[in-house]
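These notes open a run of structures that come right after.
In the two complexes that follow, subunit A is the common piece, with subunit B as its partner first and subunit C second.
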Partner chain A sequence: MAGSALKRLMAEYKQLTLNPPEGIIAGPVDEENFFEWEALITGPDETYFEGGVFPASLTFPPDYPLSPPKMKFTCDIFHPNIYNDGKVCISILHAPGDDPMGYESSAERWSPVQSVEKILLSVVSMLAEPNDESAANVDAAKTWRDNRPKFAEIAERTVKQSLGLL
Partner chain B sequence: MAEEKENFAYDPEVNYDEATLAQQKKIEQQIVTEQSLISERVDFSELEDEYAKDEVFQLKIKDLKSKYACMRKIRGDGNCFYRAFGFAYMEKLLSDPTEFKRFQAVARQSKDDLVALGFQQFTIEDFHDTFMEVIDKVEQNCSLEDLLQVFNDQVYSDYLVVYLRLLVSGYLQKEKDFFINFMEGGQSVKEFCNHEVEPMSKESDHIHIIALTSAIDVPVRIEYMDRGGDNVNAHDFPEGSSPKVTLIYRPGHYDILYTL
Partner chain C sequence: MGPVDISKLFCRRRFPKGIALVPILVYFPIGLVLAILRVFISFTAVIAAFLLRSLPALQRVVLRVLLSVLGIVVTSDCTNKISSQVLVTNHITILDEIAISLVVHCVKPWRNSISNTTSWLLGYTDFKYETGKQAFLENLKKYVAGKELPVLCVPEGAITSGQTALLKFADWPFLLEEDVQPIAITASRPAIFNVTLSTLDSSWTSDLFWFLFVPYTHFHIKSLKVVEKGEDESTDQYIQRVQGVLAEQLNISTTQYTAADKSQLIKKLYLEEQQRHRDAEIRLRRSQTRSPSPYSPATRSHIELLADRVKEVLPHVPTAVIKKDLGVTRDVDATITNILEGKIEFTPEDLNPVKKDTIEKVPSKSLLNQKKQTFSKNSKERQKSFEERKQEMIEAARQRYMAKHGMM
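Then we have the complex of A and B:
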């Protein structure tokens, strides 16, 4: 049973390579270690993050998929559900018992039948629709709620930065 | 403590090192027993001690002792219903070859049924493989100790729990037109499965029990030890069936019962 996490991660990598979801690339940093992945996520069209390409890391626990991975953007990104250090805070990344309050009741939770693909798709939706009810970055949540033009301006700068244009 | 120290008299006949070791071993054993996912069969004395000051529960334990020989304690980790049910049923299968044949076919088929419901194959197959591995062990007539060992191996045991959770989720989704009537706050059946069934450590309620017993057609009796009356109250799922497995429920927790 010791190899079950590895087996599952290899299956997920294969699945993502054969059937990549639009705007997402993900895989192990080094094929010698399937527990550390990197991902590139494209900002969804018609959102403040449109056109940006944002790098992130995924770190899987030894008992994956019983427990979820941790995900962290490795670039600067100003967003209500992303901590200052880049850590992503959405419900699908939480095991039951450590769900912070404030998730919408319909939001997806982690379970062993979720997948890297489902996480990344949830992150894309999160970029499109921030949830200011459960803020990881209070400043970003406030700006999103009270000063949308300022939020748009910061997001645009983030997009340009991600493309190496700044 | 201070008084004990003052009265302490060295006894040259006693080997204190050995006594210390024995005591240490006893504590270690106690921790292992207390923390095992599924215990050996035990009598009801632990339960009596636990509720020593509770007159109502003492009466209920007396009633329990008139009907049941012993119990197995299950670790309280939110998965106890699945672990208790899974182990008690597999234990039953070791001595029931006809039921075994029926269940083996149901279990084999169940993966395709889940895929047909929309579960992605690669997310469920490791759990199904592990589940079938244990069923193969039962077919090869493994010993009860082997079965207990499998269920006490954390990862192995958790994989079995996951698969039982998936069977519950699959049945609820297949019969969603019926179960939608029991959803609260406008939740869909799929959302309920995603929040309350599929994640590990989420506790089970009647709806989970009904779904699991129906999904694999294995009736269960649950003896409820709660506040009402002086006796334990038996409830069979489904009503009027002949249960293959008997569990005891105390608020928030399930253990396995064995009849006299």
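Then we have the complex of A and C:
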């Protein structure tokens, strides 16, 4: 099935290149290995992450699209739904059975109908609206909830950092 | 209700099995010619009946002769004189009423099971059955009160084999007068040409054809004693008593099954038959699957397996489209490639629509002036373009940020 995975990834790459969603770029780091992708995600306007361009890696399993890819930000990003090591924790990256946090509605789970584009769009939504009920980064969730100015300050620094302005 | 199973009330087969079929097969060409000749004679009979209806006595004599030419022989035992205004009879063939009217002068209420023209030509009388039971009953009551001719009623409402049991009687014939006269009708065909009079689901045309085909059909009609309704008797008890009297004469039992139950039985048997056909088809398909030829329809289920694998990768592609292409390629990867490369046109299935709000949250203002992108067929060019786009995106975002925050 690796052949099918490759073909599907190629199709998605083509789709993302020809019709890229606003503020998103994604593709294989090196076409020698189609299962390792890099993505750039722009922080949505009028949010704490506005203007930042955040790099992330996507690692696809050999049985993609049956199993979801793993996504990890490769920059420092202080966000309730992103682990300290950059791993992204959103429902679309989990298959219906696999529910480490016990919080997700199965409607938004991974299934082969989802796509890289949908994952990246979900991540953009996540940047705009952190979900502090299912925190991957407890500190970030606490700050987000109790000390919004501090969260804004840290986010601002992250944005500058991502643009190489700090 | 007796312990009789409803299916026992009807004949399922038109022809006997085994050796008894031989004389019918031998006779077949003769019977066919006879039937064709008799079709023409039956037109004469219908016309004669129609022309002579003002002379009932003569009509009956002429019809009796014509019908015997058609193979319908009627004998009767009318030791019990017809003395009631309401006659009830059992129902074994499509011609019961006609046979009885040859020996008993009576009116036959028009039933909606026969076409209007046919029933009019055959001398049925219209009591507006189609306007509903109440109106029909009123019309009949008015007629019966006139004491002209007795009304011949068929309370079973559906044909049975006449061999096992009677269906439940409808109540309307018993609401007309305080008494009814049962008439027992039996029919037989020559033992060596024992074609069933009427099968469970036969049409009146096929029944009629076999009437004309066999040398003759002998009807015997026997009038029974008038049954009066008892003073303390409920209508139901009265009806059951009449049913019992008639059944005893015919030497069969009674049941509470109705004509509707017969329709249900026909439907049930039909569905069972369908199911058997389907099962047989599935078995056939399975056995064919094992055959090695890749182009036989047997590979159907194999294609289904392959289609499942394609569907796993491309869930939005309709299964029919996948199967069609697999029929040509017989290869999962080739079909996936064909679909991805747009060689096949299809309307995507919307299996799991993305929530609208997810998309709406995406920033609407353009962050980058993305040029119309191309997707090169060359891997190196693609990669170069990818790197360039990344740099452009970061650079553009940086410029925008600096402009916004007055850093320039």
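What we mean here is this: the second predicted complex is superposed on the first by the 156 of 166 C-alpha atoms of A that agree within 3 Å, B and C clash if a C-alpha of one lies under 4 Å from a C-alpha of the other, contacts with A are read in each partner's own complex, and residues count from 1 in each chain.
Following the convention adopted for this analysis, contacts are C-beta pairs under 8 Å (C-beta built on N, C-alpha and C of every residue); 3 or more make two chains touch, one makes a residue touch a chain.
Since the structure is predicted, the reported quantities are computational estimates derived from the model, not experimental observations.
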Superposed partners subunit B and subunit C on subunit A - clash or fit: clash
Contacts of A:E129 with subunit B and subunit C, given as first, second, both or neither: second
Subunit B versus subunit C as contact partner of A:D30, first or second or both or neither: second
Touched partner set for A:A95, first subunit B, second subunit C, both or neither: first
Subunit B versus subunit C as contact partner of A:A11, first or second or both or neither: both
Touching partner for A:P112 - first (subunit B), second (subunit C), both, neither: both
Which of subunit B and subunit C A:L163 touches, first, second, both or neither: second
Of subunit B and subunit C, the chain that contacts the larger number of subunit A residues: C
First (subunit B), second (subunit C), both or neither touched by A:P65: both
Common interface positions of subunit A, toward subunit B and toward subunit C: 1, 4, 7-8, 11, 65-66, 108, 111-114
For the subunit C and subunit A complex, residues of the former touching the latter: 309-310, 312-316, 332-333, 336-337, 340, 351-352, 354-355, 358-359, 361-368, 370, 373-375, 379, 382-383, 385-386, 389-390, 393-394, 397-398, 400-402, 404, 407
In the complex with subunit C, residue positions of subunit A that touch it: 1, 3-5, 7-8, 10-11, 13-14, 17-23, 25, 27-28, 30-31, 38, 40, 42, 44-46, 51-53, 65-66, 107-108, 111-114, 118, 121-122, 124-125, 128-129, 159-160, 163-165
Touching residues (chain side subunit A, partner subunit B) in the complex: 1-2, 4, 7-8, 11-12, 15, 63, 65-66, 95-97, 105-106, 108-115
Touching residues (chain side subunit B, partner subunit A) in the complex: 78, 119-120, 122-124, 126-127, 130, 153, 155-156, 158-159, 162, 165-166, 185, 187, 191, 194-195, 198-202
